[in-house]
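When the chains are written out, they are named A, B and C in that same order, and each has its own residue count from 1.
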Amino acid sequence: MLAKGEVVAVRRASVSLAGRDILKDIEFTLGPGEFCGLIGANGSGKTTLIRTILGFIPPSSGAVAFEGGGKATSVGYVPQKFSLDPYMPMRARDLVGLGLDGARLGVPLPSKARRRKVDEMLEAVDGTRFADQRLGSLSGGEQQRVLIAHALIRRPGLLLLDEPLANLDMRSVAGIVTLLRRLSRELQITVLLSAHDMNPLLSVMDRLVYLAHGRAVTGTTDAVVRTEVLSQLYGYHIDVVRVHGRVLVVAADAEWDAKAAIERDPVHISQIP
Amino acid sequence: MTTLLSLIVEPGFFASEPVRTAAAIGGAAAVVSGAVGVFTVIRGQSFAGEALSDLSSAGGAAAFLLGINPLVGFLGMGVIAAACMELFRVDRASERDLVTGVVTSAGLGLAALLLYLDVTMSSTTGAAVTVMFGSMFAIPASIVPLALTVGIGALVAIGVLYRPLLLCSLDPDLAAVRGVNVRLIGLLHLIVAALAVALSAITVGAILSTALLIGPAAIALHLTKRPGMAILLASAVGVVTTWGGILVAYDSYEWTGGHGWPVSFCIVALIFVSYMAVAQAGTGGVRRALRVARAPISSGV
Amino acid sequence: MFEDFMVNTWIAATVVAAVAGVVGFFVVIRGAAFAAHALPLAAFPGAAAANLLGVNPLSGLLVFSALGVAGISQLARRARRDVATALSLVMLLGLGALFLSRTTEYFQAVFALLFGQILGVSNAELWSLFALGSASIALIVILFRPLLLSSVSPELGETMGVSARLIEVLFLAVVGLATAMALPVVGALLVFSLMVGPASAARAMVDRPLPAMLLSAGLAVVMVWASIALSFISDWPIGFFVGALSAIAYVAGRVWSSASLWRRAARSAAVGAQ
């Protein structure tokens, strides 16, 4: 059961897939309105963790609990890969509308109230401009806004985003981060979004969950992104370098094997100036 | 030992001429289909394989009735259909299946027209059904050399195309980067599949041509991840199930009082049962299968 | 072609086309073309089996259709969907070969089931078509929203509590019902062509899901009417015209989509230049 004021709690959750241990003893809770980053290198298990929270993957041990007990009653999800059929006859506002009543049987009847809610949500994500365009004709960033609108239109308590910034250009990244932060505040929604680069999120994250080799450390950026903390997490020496307000996480082991490090943890290479 | 053998094998089996022909032809069809089928399954083009089977059978039936050499009909229709399927640029597997479907309906419509244009309706129906279900025990021995030539041709083509085809099937983006003409390879694969399928369809019927293309390959890919091994396994499984099916069909004449079960049924049943057995074992037991069943989105192949 | 005895043909064709258009819309957007092709083929040995047992052929069709749906959805847990469909199909056809071997007087009926014989639809058959057709369309209407959501993105559906697996089974069941119903009237070839062609065009021409589905049904009806008329005039089989028109519909849809892309690109280039 959750303590008061907790939206979701991951309690010592371990997940194995196809015989491999992906996540080990993950433990953290999120409160209402918190904006939390799930940071880790590619392949560190971010997607697995998100899917476990969603209930798509059952944990091999431990549990995920939501406020109100039992499974999540309202969680919004923006998946990483939204492989859309380019010929799909659906406009942005149609997908957002499905976020409202997609689980209900029958055909959507035109109603002023429904249209108003959809319009409002699209307005909130700055999507009014392309509301009537086909999904297939939207850019990556635009599609993402539609997905966010779809996920939020029922005002869930928790919004999960899997690598929303990964395929966006720099300007769009800033736009989406600002949008998410604003929505989180305005609608009092807990946001957990995963990324392999924490830098765009430094100014907006309340806390972060740092994932490496299947284990996680939780806390504020200042508390977690430190040499001693991350070195313990990784199991070998890590240097945290702060340059011009940006954070670099670099391996500084004398016996550092470049090839093995690249295979194990690609973030090292991307962060090296 | 001989009594055990005589229990399984009815008398006259090994001496029978039709059986020997069936075993040779069926075996050849199985080897070629298995080899090509591995690529077809990897590429997720089972529908195309099945469609080619329908289309070449229809082409063959039409050719037969129009007085053209049926082999021309089988092969010609199959190759033309393969070309049409690859005509459109498609990025998704589901769209490719849609194109396959549209080509199939147009092709079968064309076949319906050709069948109609022949005057005598009654001979049409018999031919169509014979073509679809085939009758391995009624294959004239004269077709053997031609069939073997086509089969060997298809195998040689696979050998030549092996590397680029494998690369395109597993990682088309990488293949494109390496300068491989992915669309051309895709077209060539379908053409070779059309040849394999036509060969099977002529000899063993349309149902079996699909079964031999997809079944043994799917079984092999469950057992191994290495493509070369999969090809050998697929051909082997194909031959074993074909010969086993022939045996069961032959024996069945005894059990069913002279009627006999059709060979196509026996072989397909063997393939299907073998596949279920392998797929069951592959999930590692009931508990793992349950966990797979509970997870709503299957991430696997 | 508008003689009395043809009236039933026109009505039957219209019902079948409307159902095929509605169901076909989801066949196309779900990429389920193989299943839509395989289910009618897998169903028709059921008629042969029913004949052997002296039972109403429609029940045989429904049973084999159900077996096909079960095969495709259950095997798909352990295999790729296309492999599952192929193996289920050949197994049921193999059973068909087994049943056919028992009787030699069935060739005529087999041919009819493959290529259809739209003439000679009795009133009883017409009522049956209405009933099953209405049921199929009703099911699609009832399932519309979750089916649409799951078709666009199974994951988003799961997040909202819509089980992708359940939707898949239910959808296949509707396809199976629609094909079993249409099979005795128009044959396997036609019902499939009517499912894929019109919907391919409709999805390109209309941006919204519900109107696209309705347009798909409309185009299917027009297509079958045109085919009957052309068949009547030329004496050529209906299947040829339906197949050809389906292919044309698909091509038209692709061309329309490309044209829309061009128009949009030109428009945004013009806006950018300002």
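Heads up, the rule we're going with is that a residue touches a chain if its C-beta (ideal position, glycine included) is under 8 Å from a C-beta of that chain, and two chains touch if they have at least 3 such contacts.
Just so it is clear, the structure is predicted and the values come from calculations on it, not from any experiment.
Across the two candidate interfaces, B-C and A-B, the one carrying more C-beta contacts is B-C. With every chain reduced to the mean of its CA atoms, the largest distance from chain B is reached by A.
Chain nearest the geometric middle of the protein is C, using mean C-alpha positions. In this assembly, the C-alpha centroid of chain A lies 40 Å from the C-alpha centroid of chain C. Spacing of chain B relative to chain C, judged by their CA centroids, is 25 angstrom.
Taking each chain's centre as the average of its CA atoms, chain A and chain B sit 46 Å apart. Chain A has residues 56, 85-87 in contact with two or more other chains. For chain B, the set of residues touching two or more other chains reads 92, 94-95, 296-297. Counting only residues that touch two or more partner chains, chain C has 31, 155, 158.
Every residue of chain A that touches chain C in the complex is listed here, in rising order: 54, 56, 75-77, 79, 82, 84-91, 94-95, 98-99, 101-108, 132-135, 137, 147, 150-151. The part of chain C that touches chain A in the complex is made up of residues 29, 31, 141-146, 148-149, 152-153, 155-162, 202-204, 206-210, 212, 253, 257, 260-261, 264.
Interface residues of chain A, counted against chain B in their complex, comprise 55-58, 83, 85-87. Against chain C, in their complex, chain B makes its touches with residues 41, 44-47, 49-51, 88, 92-95, 97-110, 112-113, 115-116, 124-126, 128-129, 133, 205, 207-208, 210-211, 214-215, 218, 259-262, 264-265, 267-269, 271-272, 275, 279-280, 282-283, 289, 292-293, 296-298, 301.
Taken together, the chain B residues at the contact with chain A in this complex read 91-92, 94-95, 291, 294-297.
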